[in-house]
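For reference, the structures are reproduced in the following blocks.
In the two complexes below, chain A is the common chain; its partner is chain B in one and chain C in the other.
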Partner chain A sequence: MGINVTSNDESGEVNIAISGRFDFSMNNEFRKILVDSSGTDSSYLIDMGAVDDLDSSALGMLLLLREKAGGDEANIKIRKCQPDIIEMLEMANFQTMFDIS
Partner chain B sequence: MKVLIAEDSDLSRNVLSSILRKYDFTVIEAADGQEAVEKYLESDPDIILMDLMMPNKNGYDATHEIKSLSGEKFIPIIVITSMSETDALVKSIEYGADDYLNKPYNADAIHAKIIALFRIKELHDSLSNNRSELERLNKQAESELLVAEHIYDSVLSQRQTMLPQVRSYMRPVTTFNGDILMTAYTPSGGLNVMLGDFTGHGLSAAIGAIPAGEIFYGMSHKGFSIGDIVVELNTKLKRNLPTNMFCAACLIEVDKERTTVSAWNGCSPDIIITDNAGKVIHRVASSHVALGIASPEKFDRKVDILSIKGDECIYMCSDGLLDARNKEGIKFGMQNYLSAFSTDSTESVDLDDVVETFFKFINIDDINDDISLVEVNVDRGIDSWHADDFSDVNSIRLETEWALDLSFNIEGLKEINPIPLLVNFVNGINVIHGHKERIYTVLTEFFTNSLEHGLLNLESSLKSSATGFMEYFDLKESRLAELQDGEIDIHLAQKKIDDNWCIIIDVKDTGKGFVSGKDQLSLEDNVGYSGRGIQLVEQICESVEYNDVGNSVRAVYALNKNK
Partner chain C sequence: MTEILDSYNNLRQSGPISGSRVKWLFLVVFLYTGMVVGLWVYEQYFLLLIAGLLSAWISAFYIRHFYNGVANDGEDVGNSITESVVAQNQRYSSITQKMNDENRAISEEVSRISNIISDATAELSTSFNTMNEQAGQQKQLMSSILAGSDSSCGDDNTSMSLDDFIEDTSNMMNFYIQTIVDTSKESVRLVYKLDDLCERVVSIENLLKDLKFISDQTNLLALNASIEAARAGEHGRGFAVVADEVRNLSMSSVDFSSQIHNVVADAVTGIKEAREVIDEIASKDLRFVIDAKSKNTKLSQQIHALQKKSDENMYKVSAITESIDESVGVAVRSLQFEDIATQLAAHVIERSNYMEQVSADINSALETSLSVKDRNELEASIKNICDVCDSGIEHIEGIRKSAVSQEKMDAGDIDLF
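So, the complex of A and B:
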């Protein structure tokens, strides 16, 4: 349960692995990443493989990350989503704003 | 640190006193129990050393009294006993003492004990400060919530005269609902319904509901389409809400004739439309991001338009309904939601049946999201399917002639729908109280015909099927985008004709006109253009005349016909 952040020094990509229920309880931890990470020129890879549920505040956190990473220019990959997580992200039409698979 | 020593033996007291002074404590002395209580009140010590056997109130009673006086505050009391006095020790703890010291005195042990108890006292004090701060904040939050609730009610609830077509089940998690349901008739007699679900619950969610309510009601009453309304909602919410907050929403618009449903679904579960037997015939899935996320340039206002027979039910729900779980942790989900509509029963399914199916499934103690389910039965309350009160014809009227000419070139036509603005203008000069709906209908009909058939050459026959409907509106969008030139002129005037005040409405376009041969036939064709459109206009107006090619039309609307 929680968030694990590693950054790849070579590519400059920030890896965020999330597990458990991605909801408001992760808000503070997630905001900390936003403060710590270097900013608009970074690209992000979010590993959702261990996420079993998410709510609208999780969507809100992803939007915050997107804004931090440059808004429409942001490079954020969301990976390894389970089928029902994909379904939820698609209902929110997040595939138009994030690279999801 | 101040230490109070209560001890009747002068010798003992002096020994203790000198030990404590060595450790830099400030010492206050009392020679009996009564004096101990008085000195406590007088000098507010941090810790008390109490002998048990004293004249004039013993140590037990003094301890008990000081503990009662100190109330919420923690004042550590250490009783002084001999090794053999186990009973006395137990009794003193019962009277409220916190610890004990054995005679004879050991300086280091006394010091250590005082420091340890003082540490506990500090912890207690900080907890108790936190608690009173929390209590204060809680009270403040409660009173602010009351104010907010009042504002929220005045924006949303008071205007929430639920229309007969609409029934709902709404279950907020907190006082404030993060879900909002709004309904309004439009000036052309249609019905707008919005179900919105703001991120989070309670006050933070309600903050967005306030501007949303103003926009939805204001624009619906002025005759803007749900496409216009979602654009405005998105712009306002994007500007006002923090990035991580948004509003998942469904908006639907049913026209007065109940032939079409327009729907916009951003981030909400499928809108479900059932036939009169309760069978699901359409689903409108989310095809947009929620309101308040996309920048105005990127926002997609496209609505789905479905043709209906006029006896359907439309269901909208918040994701709280589908995400609620049963005891095994399984979500209610879309499949169970849909299955609620497909029962073997011969009776038609309604809102109550769906709610019942839901509660049979889920574990009610485990609901942590606002839950909303809305049913719009377009067949219900037909008598009230009118926005304006037509009895209000005798309101103040400006009895004078006026005229207004407006031209829209192709750039303008691509940008705006001028009809709501025109209706507002005409309302603004206070001419047509009680006629708003009818004038709006005439203007809309003429303008739509000029644009869609006159300039864009769209075939109305396309609209006869549901898929054709979508094709029609896609085609409208693409042709409008491609069109290089074209103009629509609108002339509005108030005149007295045969002693009656009338509104004259002329609409002319630069298209080829629809008249191909015989006039009569063309008019009938035109009836087909948008259902009963022109027929309705003819019923409303004194006269409707097309020019010989059919790119110009004049209607005369009598203002005192209803007298």
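So, the complex of A and C:
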């Protein structure tokens, strides 16, 4: 259970791999990502392959990241979501704010 | 008539002028003549005289008998014919009476048929008119239902359709989801701010450390000052008091420090508790909402499908109602057969009455013939009967001609009401 952050020096893209239950308990680790963000210069790839559940706090955190990374100009990709995770993201209308697949 | 002929023929066969009898007569006359000639030749004049007298008597006898017979036969034939005619007329009379009865029965039954038809068509007409009215009402209700399902159905200005309701519900759910997500986002942000606050508060501890160092040093200095004051003796007495006060100050500083430490600890605890509360606020399970939203979508689809089906059925019912209307119209028009039927029935009854009249006349003519006494009366009554029959035939021919103009009923010729 946790967040694993690596950054690709070539492309400058930050790779965030989340595993287990993505909820409020991850807020401390997530803060680090927010603090390290360089705003619109950062691009992120969030790997949700190992995420088995989401709650509203996870969605809140993703929105905070988007805000920090430039709002509408943010470049955030969310990948490898399981079907019910996608359902939740779509229900909150995240497909218009993030690049989801 | 054959009866009369039969009896006439019988008389001819058995009467004195029958064929075989004539033969015998000639034979006897021939022999008798022979005998007379013989007697005259043999000059037996006495025997001849007797033979002559005998022959005269026999002839007289025979002629009288013959004359009587003929008269009687004539009378017999006359009587026999009269009896036969009377018997015949009796038969005719009873037959015409029977036919009259049948006629009356026919007339009555036709009359009943006519009445039944009239009553039935009156009832049918009422029934069809009622059906027509009800079909019309049905149609109106259909129209209003159809109109209602398309747009608003309610009395006040804020009324809305089922579609609007479903859309509103969907929007409300989206709003709810947005609210939850936004709340979670702000809650996490709040938590981060509390973390910063916590850090600030905790950093007071470091300041307290410095403060402790200072008060410790102050204490030490005060101690040194006391020692120096004691060394200085009397001159140092004032200084010693000052040194003591400084020592007291540093003690209360330590005291304050520890109080501040407690306050900081409380603040940190408070912040930690706040974090827990925010944890709860921020962590909303969304699966419940997903279920609700998908149910809503399904419900919406079902309602739409139902509504479509309902509309289709309404249109079908509407069409059926129209065709009921038409069918009822056709039925009402075809009831007009009653007119022709009753007219025809009246005609049948009229003809039957004519026939009754004619046969009554014939019957009374026949009745008078039953009491004839002789040939003249018979002739008169037979002529009467013939006259009555002739006039009856004329009468019936007259009715026939007027009936030919009645045509068969044709739907096209009937006026629509």
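Convention: the second predicted complex is superposed on the first by the 101 of 101 C-alpha atoms of A that agree within 3 Å, B and C clash if a C-alpha of one lies under 4 Å from a C-alpha of the other, contacts with A are read in each partner's own complex, and residues count from 1 in each chain.
Here, a residue touches a chain if its C-beta (ideal position, glycine included) is under 8 Å from a C-beta of that chain, and two chains touch if they have at least 3 such contacts.
Just so it is clear, the model here is predicted, and its values are computed rather than measured.
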| item | value |
| --- | --- |
| Fit or clash - chain C, chain B, common chain A | clash |
| First, second, both or neither for A:Ser7, with chain B first and chain C second | neither |
| First (chain B), second (chain C), both or neither touched by A:Ser43 | neither |
| Touching partner for A:Thr96 - first (chain B), second (chain C), both, neither | first |
| Touched partner set for A:Asn15, first chain B, second chain C, both or neither | neither |
| Partner chain(s) touched by A:Asp55 [first = chain B, second = chain C, both, neither] | both |
| Which of chain B and chain C A:Gln82 touches, first, second, both or neither | neither |
| Touched partner set for A:Leu63, first chain B, second chain C, both or neither | both |
| Residue range of chain B overlapping chain C upon superposition on chain A, of 260-268, 386-394 or 422-430 | 260-268 |
| Intersection of chain A interface sets (partners chain B, chain C) | 24, 55-57, 59-61, 63-64, 91-93 |
| Parts of chain C lying in touch with chain A, wherever the complex brings them together | 174, 177-178, 180-189, 191-192, 195, 279, 282-287, 289-290, 293 |
| Residue numbers on chain A that touch chain C, as the complex places them | 23-24, 27, 30-31, 34, 54-57, 59-61, 63-64, 87-88, 91-93 |
| Chain A-touching residues of chain B, taken from the complex the two chains share | 197, 199-200, 243-246, 248, 266-269, 285-290, 293, 295, 298, 319, 323, 369 |
| Chain A residues within the chain B interface of the complex | 24, 55-57, 59-61, 63-64, 67, 72, 91-94, 96-97 |
